[in-house]
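Think of it as A, B, C and D in the order they're written, each chain with its own count starting at 1.
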Amino acid sequence: MAAPLLSIRGLEVRYATERGPARVLRSVDIDIPENAVVGVVGESGSGKSTLALTLMDLLPGNAQQSAASLLFEGVELSSLPRSQRRRLRGTRMAMVFQDPMSSLHPLFAIGTQMVDIQRTKHPELSSRDLRQRAAAMLTRVGVPDAAARMSRYPHEFSGGMRQRVMIAMALLVQPKLLIADEPTTALDATIEAQIVELLRDVRSDIRGSIILISHSLGLVADLCDHVVVMYAGEVVETGAVDDVFGAPQHPYTRALLDCEIDPWAAVEKGAALPRIPGAPPDLVEMPAGCVFAPRCPQRHERCGVAPALKSLDGNRTVACWLR
Amino acid sequence: MTDRAAILQMESVVVRYGRLTAVDRLSLVVGDGETLGLVGESGCGKTSLAKALVGLTPIDRGRILLDGADTSRGDATKRGWLSQRIQLLFQDPVASLSPRLSVRRLLQEPLRIRHALTPQTWQEVRQLVVDLGLSESLLQLYPHQLSGGQARRVSLVRALAMRPRIIVADEPTAGLDLSVQGELLNLLAQLQRRLGLTYVVVSHNLNVIGRITDRVAVMYLGQIVEVGTTRRIFDRPAHHYTAGLIAANPVLDRARRRKRTVLQGELPSPHDPPPGCRFHTRCPAVQERCRLEEPALRPDAAGHQVACHFPLDGG
Amino acid sequence: MARWLLARVMNTHAGAFGLVTVVVLLIVAIAAPLVALHDPNAIAPIDRLQPPSLAHIFGTDHLGRDLYSRVVYGTRVAIGVSIVVMSISLSVGVLLGIGAAYAPRALDQLVLSIFDIINAFPSIILALALVAVLGAGLGNLILLVSVVFIPQFGRVARAQTLSIRNSLFFEAEKVLGTQPWRILLHHVLPNIIGPIFVLASMNIPVVITIEAGLSFLGVGVRPPLASWGNLLHDGYTYLDQSPWPAITSGLALMLATLGFTLLGEALRDAIDPKLRRER
Amino acid sequence: MKLTAAAVAVVGAVLLLLSLTLLIPGDPATMLLGPRATPETVAALKAEMGLDLPLPTRLAQFLGRAATGDLGVDIFSGRPVSTMVLQALPNTILLAVSAILLAILFGLPLGTIAALKPDSIADQAIAFLSVGFVSAPSFVNSIFLLLVFALWLNWFPVLGAGTAGDPLDQLWHVVLPAVALAVGWIGYIARLLRSSLLEVLNEPYVRTMRAYGVPESVIVLKYALKPACIPTLAILGIGVGELLGGAVFAEVIFNRPGLGSLIYGAIAVRNYPVVQGGVLVVVLLFVATNFLVDLSYLWIDPRARARLALAGERSA
């Protein structure tokens, strides 16, 4: 098997809180293959957004990170000086954020911002060239009348158009790794569908891998080849989307899939909806053992000790004593 | 049409904010004891309609009948008449609780409003708190100390303490994780069975709507474009917008995903809705007639209503 | 609540310094006759413009009066005036502000225009003009400086009330059928009192400054009543003969404004979570 | 909208000024003529000064004349008030502008440095200085500066505004009073800018810039400083008012001719036309700068332009 584009081993992130450190990510191991679309799913507090910010080196000041290894294109990121790490952003890595309203600067024209984000990648090009590239890319992602729109401000764009601008920015720098954090969550349903179509459409334009972070199982099933399931700061299961969603191995994955409502399912109206009893653990005062054990229908004595992520057949991994 | 007795009738209701018409000549009947879903994207007027139903937003034209009584006339305009019949669950439960009051005070408030705060009624409310799976220790807390789920239940107890017959729920699962939303929905279902409540559920989550409602009304730019039983709407949508909306819903089932059509274009400005059929700018099956003539909401033989000149098969 | 506030204020060096300074000033103001070492108005022309000594620890002024005792009594005036002024502006401003927020549009506009008119004058100029016209003196000073500060409280109270009227919980109360008086008493007032209180505490040093400034210009507290402004004026007049009157009263004024500013900011940071990130 | 509000404020302010003269305990005519004047001479003077007319008429007359630049005459010297005000105005404007420039020149970099390295020693030092600066009343500053730099060290001239026609001398004279006025605003601007800059640097749009490797210097100087300046700009409007107020003290203490000392001197002798004219000009200056500040929002913030366009559309 070819070496993965990105290999994360033993990633730990803590946030300083008033009550003490919150362990937001714990011993996370993930491989992102070359030219793959990897979905990271999990509920709130699972650490999926923190994972994205860690990879981009954009964690807020109160976060403390320690990783045994972050190997990206054969380079160890954790030992890279900050300045070199910064130069990876906007050249080898880029990110599309959840809220396209607040993620674009309200006081500058779209064009100005689209030009400046290319400078790290293309220091040799003139502002004029960069502007032309930007306008062409806006047309590519379906922004009508792109040349004129370059001098418009974010508030003059609709939510869907703003997200197209964000995607155009990512395409402009041709990253090897594109991270999209809930790229459609803030959008209305029919606009969300358009953006999903756009992402599918530009998939081949990006000669690299995409990490799609989402709480929506449907979206991940729709767009991704691989999936990483996270719970309370840990990876509980990984594998090909069809395998994981078709035959989940971890009790949490299974329970979560059960909770996804199928509106077409022939069920009695009065029948109770599935749910996972209890609530995710407090990340400041983590209980010992398997993180999911307190809510797990299949917990037993061994769950008092945390299970390691182990490999299964068919390139899958799962962190559960039962497998 | 529903086979139940009508509890709530909207007749050509118009809601305006200045020059913006948020709800335009909307007529809809809600049956006693049913769960009606109200779906549509932002700006379609569903929240304005919900507010109009509970009297938060005045209606400019048309009327709303509750149990046959016009809510803008006579006794029904007295304080307390409406609030003891219809209650609203807000989308943001924490922000909808007054921040400087303890949960205890918040829960006593509906009783004080009804001038019915006695040890016995308070005991009933506390029982309701326990029934809804809340701990009594919560009474000491303030809204900002509650989780989203807890705040939602506190709001629910407050609403129920007014003994309403109808509850309008605005995005009841917004902000709730997949693994816990079932709990709240189950609770709502239990309460409905126990108290004979009627629900109007406003939501953009089609999975939830498809599962918990009896009937669905689809809104677009301030008007209803289709109303019918939930099964019918999901299985055989007649309006092209309904079909597009349902197709846009990302679902796990790969077989369903493959055959989806994506609606093009964006919502026109509600300040300046298109002439003719309001959906014609985005409709995949648009004809000349659609640009000129506004389609009326018409029932078919089975009572399924759709506002389209050229509905999808069987419409 | 009070204990929680105290803990938060004492949490930072600045807050602790502010609180201690203000408490000391309050004690000095209340117990001025006990704290002062001399009669502040006892004239001794022989001892005029003395530098600090054991007998007169701050020195003496141009009439030989003990500066330390005069500064102590000046504390009384400064703090007394600022507290009374804030109480008046706060009550009137809050009443007007809430009233305007509830009033019909025309009335609301009228109140706003009155605020605009008062605000069209730089505050010291307005106070100067008002006091000059109506005559100097403690009573007029208090009344007129109060007028200057009413718009601030009025505007904040109005804006807060309006934002509460637009808030979700206000709508929720309406849906519940809560009586208007109950909404005002239990839901509006408790939520605007925090920011109003913060505004008052932040304005106390400003009022102290204005009182001293007007007295300095000779249109405030009338001599021989000891006000820091009067002391400073005398100090300025005799600056080339002895710097002590100006230095001592100036430092007293600076210490008071610094203490109240720091305490006000600590209170603001404690009460208003939105501003907590500011230092 | 803003313009009408400003106009209402100015007219209201004038009305307030004029009605104040009605409330004066001793009226100017009596005061001017002294206690031995006969009622007839007082009445004659009153008529001459227009004091016998009803208030609305006086207001209309005053506004009508003020619009043509006539602010009445000094009741003692008979000189036109407008001439006196115009003579005083440049000194006050020089003082105010110098103070604002000083405040921005020092406040902006200090605030930026503090925000870039929050909680560093530099930040704490700046914070400490700023609080000290902010809370010091300008007239205390003036006296202390006068004492230290003019009387003790003799670095700067003690009194006056300098020889007319000698810009260097005038500049030399404006240093101490301008510093006295600016000190508080240096602290204020530094603190305000620090907090708003910290807030902006945490905004998602800054994070987007960082996600594309945009250098931190470009982010701070181009993208962050602009929005962070908006709150600072807002307080500059109020600041001008306080500066004009503070100018009274600075001008009195440093014995500079100017609007402040003109008004102060006139108040002492109840020379009401001069007080009225002087205060009116101060109010106009204040309202005009605030209006300019509001206009500058339009220049900085495209959303404000859009709101304005929308409001225009609605009222049309």
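Here is the rule we use: a residue touches a chain if its C-beta (ideal position, glycine included) is under 8 Å from a C-beta of that chain, and two chains touch if they have at least 3 such contacts.
Since we're looking at a predicted model, the values are computed, not measured.
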item	value
Distance between the centres, which are taken as Cα means, of subunit D and subunit C, whole angstrom	21
Mean-CA-position distance for subunit D and subunit B (Å)	55
Distance from subunit C to subunit A - Cα centre to Cα centre, in angstrom	53
Distance from the mean Cα position of subunit B to that of subunit A, given in whole angstrom	32
Subunit A residues counted as touching two or more neighbouring chains	none
Touch-based graph of the chains, sorted into line, ring, star, complete or other	ring
Chains touching one another, given as label pairs in label order	A-B, A-D, B-C, C-D
Subunit C contact footprint on subunit D (complex, rising order)	5, 8-10, 12-13, 15-17, 20-21, 23-25, 127, 131-132, 134-137, 139-140, 143-144, 146-147, 151, 191, 194-195, 198-199, 240-242, 244-246, 248-249, 252-253, 263-264, 267-268, 275, 279, 282-283, 286-287
Footprint of subunit D on subunit A - complex, ascending	56, 58, 60, 86-91, 94-95, 97, 99, 102-108, 113, 116-121, 153, 155-156, 166, 169, 173
Residues on subunit D engaged by subunit A in the complex (per definition of touch)	202-215, 218, 222-223, 226-227, 300-303, 306
Subunit C - residues contacting subunit B, complex	167-169, 171-179, 182, 186-187, 190-191
Complex interface listing, subunit B residues touching subunit A	41-42, 147, 177-183, 185-186, 189, 193, 204, 206-212, 214, 234-235, 244-245, 247-254, 256-257, 260, 262-264, 266-267, 282
